[in-house]
Structure formats: structure tokens, C-alpha cells
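Each of the two complexes below includes chain A, the first together with chain B, the second together with chain C.
Moving on to the complex of A and B:
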């Protein structure tokens, strides 16, 4: 039983951050129909920026976000303005290929700057543990859980009750009508993309303590994010957070109960199964 | 089959180019010969991917599975069970074909959209990589070293250097010609109607399932065969190269840069980008690892932004303009 609780707790904690990663992608998809295949490489970028700040100024990752979030948000805005916006209106698949190209650029840009050796960024809370009865929790995971949920709730409130949030929802529901109501659709799309990348900078810092990082990891994060977004029905806010928890728990169960490869396969098997047999969550099926 | 295909087959330009290319080993140093051989591997792979990704418009990211099966399984069969690599090539190709048919069937049965197809095939590719890295029989994470290439043809050895070059040239030519053949056969027309509007294609009586499966099986078998030849050329069955989704992404990008859905587009993309990347890696690789992939990425982004249909249509337009003036 202890193992079960342990797996559940660990899965929930990590899953909340997965949910946060996916919220950014879901927002962007909802507003501009773009699926960013370089998502995971932006997470890498955030992590390596924290590493760089640690090596240069010995900043703790949790402090580095003060710098990484604005920088990544700005990068996100530039990427959307100069790379993705010119492609909107072209075939959907060209954006996929463009972001795949961007993924190569980011991944290997990081490799050129930091080298290919796995690296760690120390943090003061890295090895601290929190023991609740039989369950041992790592403090960085608890911090990630709390901040992820706080941010998710903040985003939810923002979408519900601010003008910017309402304009995001309006563009998501019907971009044409939103434009007719005087909403600057282009501006909303840029800001949403920038916001999505900015969230990644935060999520990167949350995932970083205790995790070895290397430049080639981006694609795996992209895949995990895609799994979560798809499980959550692409644009459904609550669904995405739930999807994050499911993937987190699947991963934790897989690594604890099943050994080796099959454990790692668990999230993918669940993803394929849900995608094929429970497609009613996939509200985006008719779009191309 | 339209007349164009026979015209291409009997065209002196084709055979002239092939003959000139076949003479390259006598003109190039072994370093440049290696680069051209690699370029031909990717010409073959990008062309085989084009059948599904370009003509049928289904961006499959599962091709690393077929390449990986062709490379890792045939190596494992040889090293662990002593099965001749020719037989291994056939076994791998059959398994890849069956797997391809299954993926196409899933796509049809569950009516996946374009995006879901990309995602599901990416999930399959990741699963394949995890399985190979965790399964000792297929070499695990450390890979397998094949016996030295002594040029024994019956053991699927071509002696490296010029012998391997000719094999790759043949494979690349076959893959490109299969593209030409399909584009000029009814299959090619069906695939393009499916790409442009699947529902309309079905409505006018195109058997979507049958042609999707046919395209995927042809593509998978070609990719698998090229995978086997590639691993024999490399002599080292490296899972991080041969069954990593990154190899598919490279192929997709070559095809996109050259021109999707065109017979010679993917070949053009690979012939331009692979030598560029390899030369850069040779010159700067030790100082800046990753630079050649970085440049690939930049070139791909630039080409997609400048000419979303790829370089081939651009060249054709220039050629037309130049001929008229």
C-alpha cells in the first residue's frame, strides 16, 4: 500500500507541472491553431538559462525566473511575429515543419553553448525531503505542485474575468466575430504565444532541481506536453490540468510497478489508447 | 501508368546522370565519397517518406520505426541468431510492411485528422525508441557492432567505399523512380485526391483504406531496406541515430525543403542539405558540436518562410523565366 500512496503522490506532484506545460500549448492552439513542436526545446531553453545564470551569478533556479520569464516571454513574442505569423493561413502542416526546424535550431544552439554533457543545476531545496506518514515527498516536487496549481488558478481567473482573458476566449471561439467586435486578433495571438512561452520558463525552473538536463531532451518534453494537451481535449482548461495529472500518475506507476522499458512506455500506451478509444474528449477532431 | 513514366525510364538524361554519378568513386577522395554516400542514403529515405508524407499528405513521424527495424533487427538477427543479413533484410522489410499497414489501418479506422496522425505516429516512434533501448536482443542502449565489411556479397557486404556507394546509388535511384512511377500511376492520383480532400475522394468512390495502406506499405518497406543497407554501411547499429525520432524529423525537413509531393523534391533537399551539414560538421564539428543541425534548422525555417512549396518549384520557375527570356 505504501508504494501505491507513494506513486500516487509523486504522480500528482509531477503531473501538476506537466499540466502547466500543457496549458501554454493549449492556449496557443486555441487562439491561433498552431501546434508548437519546439515546445519541449523552449523548456530546455528555460532550464539551460537557469543553469547559465547559476554558473555565472550562482542564482538559485527559483530566483532566476525573475530574469528567465521576461526573456522567454520576449523570445516567444518575437518567434510568433517573425516566424509563425507569416505561416498562418498556409497549410497547417507547414507550421508543424517550421516548428520542427525551430526545434533543431534551439536544441543545437543549446548544445553549441553548453555542450552535450548532462548537467545539474543545484538549488537550496534540491535534496530536502518531506515525510508524511509512509510517503516521502521531495520538496522541489511539492513546490512545483503548489506553484503550478496557483498559476493554473491564476490563469483560469485571468481567462474568466479580465479583458485580456475574455479577448483570448473570444478569439478561440470565433476569430472572425472577435475581430468584428473590435478585438485585435493578431495582438491577442502574439500575446498568447508569448504568455505560453513565458509559462514554460517558470515550469522549467520548477522541474529543474534534482533533474539532470541535456540539450537533446526537448523532444521528449514536447511529446509529454502533446500527450497531456491531447488527453485534455486540446483547449479545455480543466481537462488539460487533469490530463497532466493522469500522465504524471501513469509515469509514476509505470516506473514503480513495472521495470525498465515497459514502465517508460506506460504514458504512451495510455495516450494511444485514450486517443483511439475515447476520442469524445478530442473536440478538435474536425479541424485540420 | 501514364506515358511520362516510360519516357522518364527511357530518357537518356536519367541514365546519363546515373552513369556519371556511378563514376564518382573514381573522382572523389574517400572523405567526399562518404559524404555523397550519406547524401544518397537520405535521398532514398526522404523519397520513401514522400510517398506517404508528400503525396498522401500524411506527415508520418513513425518512419524511424521502419528504418530502425531494418537496421537494428537485421543486425540483431545476424549477431544473435546468425541469420544471413539478406534474409534479415527481407524479414525486417516484411515486419516493417505489416507495421506500416497496421498504422495506416489505425489511421483509417479511427478517422484520425492530420494533427492526430502526426501525434500518434510520434508516440509510436518514441515507443519504438524506448523498446529498442531497453531490449538487450536489439542491442539495448549501447548498440551493436557488425562484423568488418570484407566485401562478401553473399553476406550483404559491399566492401565499403565505392561498393557501398554503388549500393546506395541504386537504392536512391530505385526510391526516386518508385516516386515517379506512383505519381504517374492511378495510385498517385488517388493519393493526391486523398491528400486534398479525403471525404470528397471517398464520395467519388476512391477506396481510401486500400490506397492508404498501399502507400504506407511501399514507403515502410523501402525505408526498412534502406535502413538495413545504412547500418551495414555504418557498421555500427547506433540506436540513438537509427531509431531516434530525430532521423524522421531530418527526413521530413529534407523533403519539405526540396518540395513535398514531387518526385525529385525530397532528393533535391537531401542532396543540398546533407553535404552542407557534413562539410560543416567536418570543418567545425569538433569546435562546435551541433552546428550542422543548427544550420539545417535555420535553412529549413528560411526556405519554409520564403517558398513554402519547397525549392524545386522555385527552381522550376526560375528555369522557365530564364528559358523564355
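Moving on to the complex of A and C:
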């Protein structure tokens, strides 16, 4: 029974961050129709930037976000302006190709700078544990959970009740009508992409403590994000967070209850199983 | 107020409009008529700036706005109520109206403006929290016009406001248009419905295959044989 609680708790905590990763992707898809296959490599970039800041300035990853979030947000804006925008409106697959290419560039760029050895970025809370009865929680996971949910709620409120948020939803629901309201659609698309990448910088720091990182890990995060987004419904806020929790729990169950490779397959097996019975995703109605 | 001089516009290098000259006086209600594919929507989108002109220029209150972005034109008060209404379906009536007044000139007074719009359309006020997608066609048209008025329009351009509505709603919408006109708003009414438009507009232009075929007052347009041929494609 303890194992079960342990798996559930661990899965919920990490799944919340997966949900956050997927929200970034869903937002970008919602306003530009772009599925970014270099999503995971931007997470890598965020993590390695934290590593670099630790090596150079001994900064804790939780402090590094003060630098990495604005820098990655700016990178996101530039990438959208100069690489993705010229492609939007062309064939969907061209944009996919572009982001896949970007993924290789990022991966090899990181490899060039940091080398291929797995690396760790220490944090003061890294080995701290929080014991609740029989369940042992790693403090970095608890922090990730709290911040991910706080950020998700913040995003939700922003989308619901600010002009910028309403502009994002307007562009998503009908870009032509949004332009007729005087909304600068191009600007909303750039800012949303930049915001999506900025969120990744934060998520990277949340996932980092205690996790060995290597340049080739990006694709794994991209795939996890895609699973969550598809499960939750591309633009469904609540669905995506729920999808994140399910994938997180599946992963935790896989690693706790099953040995080796089969355990690592667990999220994918669960995903396929859900898709077989609910191809429309988890939630009934899309709330855009 | 609005002058279009020698406008040629289209999509992907293909000219849809050729050498259009149209003028809207201050406070005028002008009809833009024509069959399907005559270029009415291209014309209205050229005025909104979502279609780039290939030649010619557009003057608004003396200022050349030909190169301005859609946003800059909305900020000057050139507002379009698009064909098919295009309300934001997953947003409430209230949110749709707020978005209508999102441009920098209208935003400061949009609460007061919303009160005026709801006075004009009390039916919208009764269900502010309802999603626009669940409204009837007529109610969506009210919302689309209300959303346009929220932008503090100086020229309101209505694209096929009668399209797909029941006769009762058409009558109601045209009463509203008359009321707005009586209050001094300059209106460009794009319509396929010839007789209806001729009854309400002071002057009309009839487009045929991208060019102005007929222009003048209601009677002149009604009696001009070219009007009939423009509609029948003869």
C-alpha cells in the first residue's frame, strides 16, 4: 500500500510539471497552428543554461531562472520572428520539418558547448526529503508541483480576464475577426511563442535538481509533451493539466512496479490505451 | 470622409477589384451592391487593411491610410462588421464586446460604450455571460454590430448583415442601421439584397466583376439597366 501512495504522490508531483510543459505547446498551437518539435530541446537548453550558470557563478537553478526566463523568452521571440513566421501559412509539414531541424541544431549546439557526458546541477534542496507518514517526497518535486500549479492558475486567469489573454483566445478562435478588432495578430503570435518558451525555462529549473542531464534528452521531453497535449486536447487548459498528471502517474507506476524497459514504456502504453477508447482526448468539451 | 481613388486589389497577384472610385460623405449611408463574386468583400477588406492594395489610394478624413495596418485603421475608427458575423464562439457576449473595444482609442471609455451598446440591444444585456456560439443567427448579428460599435466607429462597414436571417430579424437589423445613421454615424452597407439596400441607402454603388458599373441615388440605380445586368451577369 505504501508503494502505491508513493507512486501516486510522485506521479502527481512530476505530472504537474509535464502539464505545464504541455500548456506552453498548446498555447502556441492555439494561436499559430505550429506544433513545435524542438519543444523538448528548449527544455534542454534551459537546463544546460542553469548548468552553465552554476559552473560560472555557482548559482542555484532556482536562482538562475531570474536570468534564464528572460533570455529564453527573448530567444523564443527571435526564433518565431526569423524562423517560424516565414513558414506559417505554408504546408503544415514544412513547419514540422523546420522545428525538427531546430531540434537537431539545439541538441548539437549543446553537445558542442557542454560535451556528451551526463551532468548534474546541484541545488541546495536537491537531497532534501519531506516525509508524510509512509510516503517520502523529494522537496524539489514538491516545489515543482506548487510552482507548476500556481503558474497554470496564473495563466488561466491571464487568459480569462486580461486584454492580452482575451487577444490570445480571439486569435485562436478566429484570427481574421481578431484582426478586425484591431488586434495585431502577428504580435500576439510572437508574444505567445516567446511566453511558451519562457515557461519552458522555468519548467527546466523545476525538473533539474537531482536529475542527470544530457544533450540528447530533448526528444524524450518533446514526446512526453506531445502525449500530454494530445491526451488533454490541444487547446484545452484543464484537459492538458489532467493529461500531465496521468502521464506523470503512469511514469511513476512504471518505474516503481515494473522492471527496466517495460517500466519506462508505461506512459506510452497508457497513452495508447486511452487513445483507443477515447480518441477525442480526455475531456468532453473543449473550452478554448 | 472616406475616399477611394483608383483602387486595384486582389489576392496572389490576381486582380479582384480594378480601378475603383468610391466616396463616402460625413454621416452618409452608402450602399455597395453586387452579385456574388463581384468583389464586395475584397473591397471592404481593402478598407480594413486585411487585403493589400496593388494600386490606388484610400483617404480617411484627408489622411492617406493606404499603407496603414488593420490595427491602425481600427484605431482611426474604420470598423468592419464582417460577413458571417464571425463572433468569437467560445467567449461570452461580454467578452466579445470587450474585445470590440480593445483598440487603444476605444479602450479608455469602453465601459460607458458598453452601456450604450446594451441600450441599443437590450437582448444582449440579458445574457451577458452566455457563449456567443450558442446564440441564434440574429442575436449573433446584433452582437457583431454591437462589437463593431464598441470600437467607437466613425465609419461602420457592414458586410451582408441580412445574410441568413429571418425576415423579422432583417427588418430589425435594418431599423438599427437607420437609427445609427440618424445618430450621425457614417455607414457603408455591403449587400446582395438590392431592394432592401435601395430603400435604406442614400446613394449606392453597384459592383460588377470588380468594377463600379452603376452609381447614384436609389431611383437612378433602380432604373439603370446596367444594375439588372450586373446582377444577372448579362
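As a working rule, the second predicted complex is superposed on the first by the 280 of 288 C-alpha atoms of A that agree within 3 Å, B and C clash if a C-alpha of one lies under 4 Å from a C-alpha of the other, contacts with A are read in each partner's own complex, and residues count from 1 in each chain.
Here is the rule we use: a residue touches a chain if its C-beta (ideal position, glycine included) is under 8 Å from a C-beta of that chain, and two chains touch if they have at least 3 such contacts.
All values derive from a computational prediction rather than experimental measurement.
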item: First (chain B), second (chain C), both or neither touched by A:230; value: first
item: First (chain B), second (chain C), both or neither touched by A:93; value: first
item: Chain A residues touched - chain C or chain B, whichever exceeds; value: B
item: First (chain B), second (chain C), both or neither touched by A:103; value: first
item: Touched partner set for A:184, first chain B, second chain C, both or neither; value: second
item: Chain B versus chain C as contact partner of A:271, first or second or both or neither; value: first
item: Partner chain(s) touched by A:119 [first = chain B, second = chain C, both, neither]; value: neither
item: Which of chain B and chain C A:67 touches, first, second, both or neither; value: neither
item: Chain B/chain C common contact set on chain A; value: 286-288
item: Touch list for chain B against partner chain A, complex; value: 57, 59, 106, 110-111, 113-116, 118-120, 122-124, 126-127, 130-131, 133-135, 245-246, 249, 252-253, 256, 288-291, 293-294, 296-298, 300-301, 304-305, 308
item: List of chain A residues in touch with chain C within their complex; value: 163, 166-167, 169-170, 173-174, 176-184, 286-288
item: Residues on chain A engaged by chain B in the complex (per definition of touch); value: 35, 83, 86-87, 90-94, 96-98, 100-109, 111-112, 115-116, 215, 219-220, 223, 226-227, 230, 260-261, 264-265, 268-269, 271-272, 275-276, 279, 282, 284-288
item: List of chain C residues in touch with chain A within their complex; value: 48, 50, 69-71, 73-75, 79-80, 82, 86-91, 95, 98-100, 102-103, 107, 147, 151
